[in-house]
Structure formats: C-alpha cells, structure tokens
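The structures come next, written out as structure tokens.
One chain, chain A, links the two complexes that follow: it is found with chain B in the first and with chain C in the second.
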Partner chain A sequence: MSRIREDYERTPWRRLVHFINGDEESVAERAGYEVETEEESVRIHDDFFHEVEWNKRKEEADTLISQYEEWPETKGLKYFQKIYRLMSALICVTIIVLLLMTVAELPTLGEAAHPINNEVSGRYIEKGMEETGAVNIVAGMILDYRAFDTLGESHVLFIASCCVLILLRIDSKGKGSTKEEAEENDRIYEPKNDAILQYVARYLVPIIILFGIYVVFNGHISPGGGFSGGAIIGAGLILYLNAYGFKKTERFFTAKTFSTISVIALGFYALSKTYSFFTGANHLHSIISPGTPGNLLSAGLILPLNICVGMVVACTMYSFYALFRKGGM
Partner chain B sequence: MEFLKLLLFVVLITCAIYVCVAKNLLTSIVVFMAYSVVMSIIWVIIESPDLAITEAAVGAGVTSVLFFVTLKKIHAMDDRKEEKNEQD
Partner chain C sequence: MNFIWNFPLFSVVSCLFCGVICSVLPRRAAKTLCWSLVSIVTLMSAGVLYFTASTGESFTYMMGHYPAPWGNEVRAGILEGAMALFFCVVMLLSLVAGAKYLDKDVEESKQNLYYSLSNLMLSSLLALVYTNDIFTAYVFVEINTIAACGLIMIKGNGRSLLASAKYMIMSLLGSGMLLLGITMLYDVTGHLLMTSIHEEVQNIVSSGSYSEPMTVIIALMCVGLAIKSALYPFHSWLPDAYGYSTPSSSAILSSLVSKAYIFLLLKIFFRVIGWEVILDNKITDILFVFGIIGMMMGSISAIMQKDIKKMVAYSSVAQIGYIYMGFGLGTLEGVIASIFHIFMHASAKSMLFISLAELGEVSRGKTLLTKLKGAGYRNKLAGVAFTTGAFSMIGIPLFGGFISKILFASAAVDMNSTKMVVTLVALAVSTLLNAWYFFRAVIRIYTPHRKEKDKYFSISTAAAMVAFIALNVFFGIFSDIVIEGIQTGLAMFL
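And then the complex of A and B:
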C-alpha cells in the first residue's frame, strides 16, 4: 500500500481537484509562505531577535501578496483592455474584408446569365397548378417542390421550443422555486378570473380557433397555410389560457400532448417527404394524383402536410407561452 | 390609395424609430405591436395576404405577449407601480 505523502495537499493532482471544486487556494500558500497557528508561532519566536526577523519577513511577504492581488485590477486590466481593443478591431476588419470579397464574387446585376434568370420561377408559375394541384402557388412551392426545406423549418420550430424548455423549465423535485410558487408569483400583478376577459374570450376563442383551422385546411386553395393557421390557433389558445388559467387548459393540453402531437406530425412529415432520398432525389413529385385543382381534397400530400405544420406551430406557440408563464406545461 | 400608402409608410418608419428611442420598455413593446399591425396592412396592400395573416398573428399577437411576460418575469414593470404608489 502506498503511503500518503507529506506534502499531499501540494501535489498537482490535489491542486487540480481544488481548482475544479472551486476551493480558493490562498495566495499565501501558493507563495510558499507557511501559515502557522498562533501557538506554534509563540513557541518558535520566543526569542526577541527571532521575532524581529520574523516581523521583517512577514512585512516583505505581505507587500508581495498585496502586489500580487492588485495586479489584475491595475496593470492586468490595462493589458486586457489593450488586447481587447486590438482583437475587436482585427476581427471587424477581417469580417469586412471577407464580406467585401464575397460581394465581389457575386454575379453582376442585370446580367443575362444571372442565377435569377433561370427557368425555375417561370416553371413554378406556369406549370405549378398542373403539377401540384394547388391553386395557391406559394403552398405548391413550399410544400411540394420544396417540401424538404419546409421539413427543416418545422424542425427549427420544434428545436426552438426544446431550447426554451431547457432554459425555462422548473423541475418539480429540484431546489429553488417550485412550480406552485412560480404560478403564485405569476398572478401577483393581475386579477384572477377577470370577468371582462372571460366574457370576451368565451365568444372570441371559438371564432379564432375555427378561423385558424379554416386557414390550415384551405392552405392549398386560398392564401395562408400551415404556419399562418397554426399561429392563429396558438394565439387563440393563449387567449383562452389568459382568461381561464392553467387549470382549464391542462384538461386538454399537457406536456404529454405537446410531445405526442409534435412527434406524430414531424414523423409523418419526415416519412412522407424523405422517400425522395431513397429514390435518388429525382422523384420529387407526389405519387398521389393531384385531383381537381380547387377542391378541398386535392393537391396530393399538400393538405396533410399543411395540417402537420399547423399542429406543430400551434403547439410551439402555446408551449412558449406556458413555459414563459410558469416554467412547465 | 397613394395617400394611404404614404401615410402607412410614414407611420411605419416613425414606429420603427420610436421603438429604439423609447426609454420605457413597456412603451416600446406597445409601439412594436402597432408597427406589426401597420406592417400587416401594408402586406395586404402589396397583395400578399398570407404574410399579412402571419404578421398579425405572430408579430402583433404572440411576440408581444411573450415580451410582456418577459417584462413581468424580469420585474421591469414593478418600478412603475412603486412610483405610482409613492405618488399616491
């Protein structure tokens, strides 16, 4: 068995451990300046001459320590500020040069070979309705030709709500403020069960949510689509939550509902649109026939995809608000 | 119609500048809300109603509400109340 070394506390490993634990090693110890107990010092420095020498040494050490401690506030700060200014100027200049170089590489405006003048936009406008079956060209573009981009966009929303969840969620078992406390704090500046708000919400919320559902379902026929409709539904849910409180909304919307709806919607979207990956990315238009343009049940996959996006957006909006309010759903 | 457009643009720019200049955070949020409403009307005028719907729902609705909640969380609205109580 190995013996514990005499200077065990001074080994590099112990110092690292102290550093990680955040135990501040005193400056005196680091300078090799022995900190002694009162009893010991009395015993050692009985002798008068000894004491004089001791005091001298102590003074020297004290001045050294004070210099060492003041360094970051006096000279250190100056050095830091100089380096900081230099580095910020350097980074600024580098970025400006890089951006200017990129601008110089761009094709000239108005040139015939400019990427804007390609056949893609013309094809979207001329053949869009025929190929996708959507009267709303925008919906045909973002949910058929470029559905894969929109898949990424809806994942961005999902990730955003996950980040808010990480930052603002209050753990029921953790220390600090609990969910109940947060809910109580939340109500300090506003009346509970406001009669006017409840009366207005009773008539407005159904209309708002119905309009949202209409916008989602008619995404391929009229202006709008998954994102707009989802945002409207989310706003309606937030109004309902404001008027009636968390008790009423928790009957139909909890964290479990949020995760189930998001996962099902995003999973369906991913499954229905990643098949182009497996077919070599050349089979981009739908297998389902477009149907008669203008009918509700037409345009192939656009209607179900709109519903998916709408559900994800509505859940995200609501969960943002719920997390901001009380740190949980 | 031209006059209305011009008026809307002037209001839009005024709102945008005022949001940055306003000293009170609550005021700047309310002005930001007004900015979103004006912007959504402009979207309708330049014939993109889908963007108008989104702007009205997200810009004027959800974003402002989230800003209000954040103000309450960081207790930026308390000071006003305390001042009022002191005046009373």
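And then the complex of A and C:
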C-alpha cells in the first residue's frame, strides 16, 4: 500500500485541483515558503535576540507595516490624482493643438474654391425652392432631400425621453421612494402663489406659446421649424408649470397626453415618409405636391412634419422637466 | 426594379415605427409585437441576402424623390444582407432567451420600454449596415448609443446605473470623435455620400493636397469607433456594462452593438476612404499593435476574474483584439478572417451570456466560479450551450473559433516576417490563455456537486438555446459557404 507523500498538498497536481475548485491558496504557500507556526518562530527568535530588542524590532516592523498599508489611501491616492490630472491636462493640450493645426490646414471658409461649393449645394440653392416648395431651403433640405436623417434624428429625441422615463419615472410599486413620497417632496417646489411670477406668466405664456406655434407653422417659409418652435413651446409650458404648479398643468398634460402625442406624431412621420420614400424610389406617382412656394399650405409634407417634430420636441422638453422634478407627469 | 429592393427601407422604418408603438402598449402586447417584428425583419433580411446572392450584384436604393448625392441612399450587397440577417437572428434569439429574466430584473411597468429600446436598437443596427451615407450613419450611431445606455440601465440597481454612466461617457467621447472626423472629411471633400467621398478622396490623394488633415481624419474616425467597440486601451466601460446588465442586454451589447461599429469602420475603410489610402497612412499597423495587446491583456484580465460573467466580458476584449488584429494585417485575407470572426464571436458570446444566466439561476443566482460547481448537471442544456461557446472561443475543431484562428494564421503567413511571427505567437499564446480560463470554467460546471432540478425551466429559453447551439455549429461545419460569401461580398464592397 502506498503512503501519501508528506508534501502531497503542494504537488502541482493538487494545486491544479485547488485552482480549478477555486479554493483560496495562501500567499505563502503559493510563493513556496515554509510556513512556520507561531510558536516555532517565537522560539527561534528567542534564541537569537534579547527579549527587549525583539519587542523593539517588532514595534518597528508594525509601524512599517501600518505605513505600508496606509500608503495607498493617504499618499498613494494623492500621487495618483496629481499624475492623473497632469496626464489628462497634457493629453487635452496635445489634442487641442493637434486639432487646431489640422483646422489651419483645412480649406478656408467662404472661399469660392471651397470643396463644399459643389453640385450638391448648388442644386439645393438653385432648385431647392422649386423642387420642395419650401422658401426656407434649410427646411427643404432636412425634411425633404435628406428626410431619412431627420427621421432618425426625431427618434433620437424619442429614445432619449424613453431613457429618462426609465431612469426617473417612479412607479408606485418601486423599491426605493414611492410615488406618494415623491409628490410629497415636490410640494417644496410648488409655487407659494407667487404673485409676481403668476402675473408675468399670465401675459408671457400665451405669447411664448403663440410665437412657438408661429415658428413651427412658418418653418417652410421663414427661418425656424419644428425643432426650434417646439423648444419655444416647451419653454412656455415649463414657465406655466413653475408659476401655477402641477394642479393646473395636469388638466391638459399628463403622461397619457405625452405618450399619445409622441406616438401619433412619430407614427405619422414614419408612415408618411415611408410612403414618400417608397413612391420616390419606385418612381411612382405621389399625391404629395410642393404647391406654391410662399403659401402657408405648401411645400408638401414639410408643414405636417414640422408640426409633428414641434409637438414631439415640446412634449419631450416638458416631460424632462416634470420627470426631473417629481419622477412623473 | 425588384420589390426586394424596398426591404432595407421597410425593415429600418418598421423597426422605428414599432419601437414607438411599443412604448404605449402593455407589456405582453409589446413583447408579442417585438418578437413578431424581429421575425419579419429577419425574413426580409434573408430575402435581401438571397436576392443579392442570386443576382451576384449589389443594389442602391434611393431614399425619396432625389437621386444620390442630393438625397439619402441605402446600399445592399451580400455582405450587408448577411450582416443584417445575422444581426436579426442573434437579436431574436437573445430577446427570446432573455425574456424570462426581464420579469425579474425590470420593473413590470417599464418592460414595454425595454422592447421599445430593443426595436430602436435593431433599427439603428440595420441602418448602420445598409446606409451609403456617412451622416445617416452618424445619426443612427446616436440612436444606437442611447438605446444601449437604456438597455444597460433598465435593470435599475446601482451597479447597472454606474455601468451605463461609464458606457455613456466613453461612448459619447467616441461619437464626438467620429463626428469631428466626418465634419473634417466633409470640409475636405464636400460630400456626405460614401461613393462620392471615395472618388473625391482618391483625387485629393493623387493631387497630394490635404495630406495632414487626411491622416487626422482617419485617426479620429478609427479612435472614435475603437472606443465605441472597446479596443484594448478604451475597454474600461465594457466589463461593467456586460457584467451588470440583464442577460438579454449583455447578449445584445456584446454580440451586436460593438460589431455594428466594427462593420461601420470596415465601411469607412473600404467604401469611404479607400483601402489603399488607409494602408498608406499606416493606421493598420497601429490597429495591429493595439489588437495584439488587447488579445493578451483581455485574456489575462479574464483569468483574474472570480465572477464568470465578468470573465466572459473580459474575453470580449480579447476577441475584439483579434478582429482589429485582422484589420491590422493589411491584407484582404486578414479582413476576411476578421469578418468571419465577427460572425463567430457574436454567435458564441451571446450564447455564453445567456447560458451563464441560466447556470447562475440554478446556483442561487450567483455566477461566481466557486458557486457554479456542478451547475452543468442542474441545467443540462445550459451546460451544453456554455461548453459549446467555450470550445468555440478556445478554437477547438468543429466549432467556429477554430476556423477563424486558421484564417488568421493563414493570412499572417503571407505577411512580412515581423508581423507573421508576432501574429502567430500571439495567436498561440492567446489560445492557451483562452483555454486556461474557459476550460477552468467548463471543468468547474461539470464537477459533481449537489443535485437539484432546474425549477425555472422555460420552453422559449430552451428553444433559443438550441438554436444558438445550432448557429455555432453551423459556423464551424459549414464555414466554407460563409467564407465564400464573405469573399464575394467583400469584392462587391470595393
């Protein structure tokens, strides 16, 4: 019968088994040191040193060890932060210098020979109004020539508001703070019937919202459009909320309103543009006509799309504010 | 004009549309809508692939009434069709397999938003694959970034919030650099359409002007997309993002999101800047170096992990290193090997994450190496799936990883001596390191331990897992067809 070797636990095979099993192996064992028991070591040291000297040495060793252990938290972190800041500043400066040097090499802006003055922008400027029916050729570009990009862009807004909803909306069954608590906390921000704010808001809010609607509706005629007009309307709604509180705004704007408006607007956007892309690519006759440039009802799909984008932007702005304030609308 | 030409448009727009609709539907309806939509889009992508493969030609599709340099355009060839089909299949399988964990990880009232996010994610992936316009690519990169943040953070505990914040900062840095590159490229060439930029860049390079801005542009785009796809020094967001999100999110993120950015980089290399210009600028050598370092460091970090989920996440860093190393070789063989590796890694990694979640489920919810003892007996199917994925990652014959390693090695043999030696040594060492940590995990889950029945069995997860295994074995056994497809697809790309 074979006997178990004395150093059986330290054979490579046993170590592999331990490693696979994920058992913790002591540092000393891994390094291959002989592990002394405490009694043994004390005995050995007693033989060589006087007791006094031994204690002194032990004290020294203890302070050294404690210093070593504290080093990362005290000095190490400081050094690291210093080096980190220095390095990041250096990298920033290098990249800034590099990019500035590159910009200096780029073609001069406004020059006639600039590469961007080619047939692409030429057609936008010369035929833009005729082909899209929009006097504002920027609107014509983003909502007709390159409508696919803008379709993506409006969904960027939607998905951003989805993420904010996920992050901030508090549902009553939530683990942390409940809906009631959040509304309780929100009372702090509720207006204490501030007369000045309410008086100013009474006159300003209608003007702001009307101006926003004007910008949206004239997006194809004058500078502006869905994104800018929507932002103005959203700002007006936020001012109204600050002056009069959730009680007043909840009469016409709830979470349901938000989802209905964004679904209808984006759904209309996607469907109408699919129709337009489909007919365009397949060279079919499209019922959408550019109309007379300059009229309010002209420019084909641009006006309805501006309205859609405006509604989505306004709702998103307002809902961001409401979500940040009390985790709901 | 064939009706199939409309499919890229339909698949992107229907995903966007259903993503919006899902946000107002109740949870079950959203799930049904999302699953059926992804299935339909899968069929459409298969149609595109079949059509391009049978005609042997790529097609461009005008988005709207205006032809290409003025309006937007999408383009589909064999490679695009194959990528789109593959992305849809992996997306569908990940969603189906991870559905049962959603109930646990995500609040009930927010589950419909999860499906909304994944639909928008799919739309952005498809748009990135199909687009022939570099600005459209940027817009959908934005959607992709925000959707990925949402997919990570929807779990809602502290760790996943932190992970998504990390991801957001790094990823937005990458987007910013990409946008800077696109802006400068537009300034120099005056175009946004890939085909036109390509012509313009060839003119600029042959006339010898703007050589410094060109280098900066290429560097900005490469670094931006490298950050977003977690090439080695920029990988710090990856382990947390993959490790602390709900299983289907980790599967989608690891297998699809980073791969879509790599595919975009490939498009920029071949269809925007031009492969010759890229080679002249030596950017491939830099990618080669970082790819090699990534292969080593990713594996070494993976070995040091105690949590297998983190280990698998770090292994992704190594595999991304492989892909960039293949680009860095600077030959078409290397690029073909990289594309094959994209397919192989995406199918294996998503399966690994899903099967790990299953194994953790039967080990008291923990995926620590010590807790997983004997998990392979408690959930046999997940054990088999994990083993298949691990073998594929290591590069055991009959599985996809073996083929991609052979392709990398044979591409390296044609190179000059330094690159050849470095690549072959790196491949050998990295394979050993992979074997070390994956075999350790496999042995661990098959170490006999307490027996317990799998109480959480669900048909859909099991079916998805079987499909995942089949997909992996397909890449191992029928690799000839895939490689041939990639070759013809790449030829169409040029």
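Going forward, the second predicted complex is superposed on the first by the 189 of 329 C-alpha atoms of A that agree within 3 Å, B and C clash if a C-alpha of one lies under 4 Å from a C-alpha of the other, contacts with A are read in each partner's own complex, and residues count from 1 in each chain.
The rule is short, and it goes like this: a residue touches a chain if its C-beta (ideal position, glycine included) is under 8 Å from a C-beta of that chain, and two chains touch if they have at least 3 such contacts.
Quick caveat, the model's predicted, so the values are computed rather than measured.
*Asks:* Have a look at where A:E105 lands relative to chain B and chain C in the superposition and call it first, second, both or neither.
*Replies:* In the superposed model, A:E105 contacts chain C only, not chain B.
*Asks:* Does chain B (first) or chain C (second) touch A:E119, or do both, or does neither?
*Replies:* second
*Asks:* Look at A:V138 in the shared chain and tell me whether it touches chain B only, chain C only, both, or neither; answer first, second, both or neither.
*Replies:* After superposing on A, A:V138 lies in contact with chain B but is clear of chain C.
*Asks:* Can A:D149 be said to touch chain B (first), chain C (second), both, or neither?
*Replies:* A:D149 sits against chain C, while chain B stays out of touch.
*Asks:* Who does A:G267 touch here: chain B (first), chain C (second), both, or neither?
*Replies:* In the superposition, A:G267 touches chain C alone.
*Asks:* Touch test for A:H220: chain B only (first), chain C only (second), both, or neither?
*Replies:* neither
*Asks:* Any idea whether chain B or chain C touches more of chain A?
*Replies:* C
*Asks:* Let me test your reading of the model: by the given contact rule, A:S228 touches which partner, first (chain B), second (chain C), both or neither?
*Replies:* In the superposition, A:S228 touches chain B alone.
*Asks:* For A:S259, select first, second, both or neither according to whether it touches chain B, chain C, the two together, or no partner.
*Replies:* The second partner, chain C, only.
*Asks:* Kindly classify A:K326 by the partners it touches after superposition: chain B alone (first), chain C alone (second), both, or neither?
*Replies:* Neither partner.
*Asks:* Once the two structures are fitted together, what part of chain A is touched by chain B and by chain C alike?
*Replies:* Chain A residues touching both partners: none found.
*Asks:* Hey, which residues of chain B end up touching chain A in the complex?
*Replies:* Touch list, chain B to chain A: 48-50, 53-54, 57-58, 61-62, 65-66, 69-70, 72-73, 77, 81.
*Asks:* Spell out the part of chain A that touches chain C in their complex, as residue ranges.
*Replies:* Counting only chain A, the residues touching chain C are 19-22, 98-99, 101-102, 105-107, 114-121, 123-124, 131, 144-149, 151-153, 155-156, 158-160, 162-163, 165-167, 169, 171, 173-174, 259-260, 262-263, 266-267, 270-271, 273-274, 276-283, 286.
*Asks:* If you look only at chain C, which of its residues touch chain A in the complex?
*Replies:* Contact set of chain C toward chain A: 1, 5-6, 9-10, 13, 16-17, 19-21, 23-24, 61-66, 69-72, 107-110, 113, 116-117, 120, 123-124, 127, 133, 135-136, 139-140, 142-143, 146-147, 149-150, 153-154, 156, 161, 180, 184, 186-191, 200, 210, 212-213, 216, 306, 369-370, 373, 440, 443-444, 447.
*Asks:* Per the contact definition, I'd like the list of chain A residues that touch chain B in the complex.
*Replies:* 136, 138, 186, 189, 215, 223-225, 227-228, 231-232, 234-235, 238, 317, 320-321, 324-325
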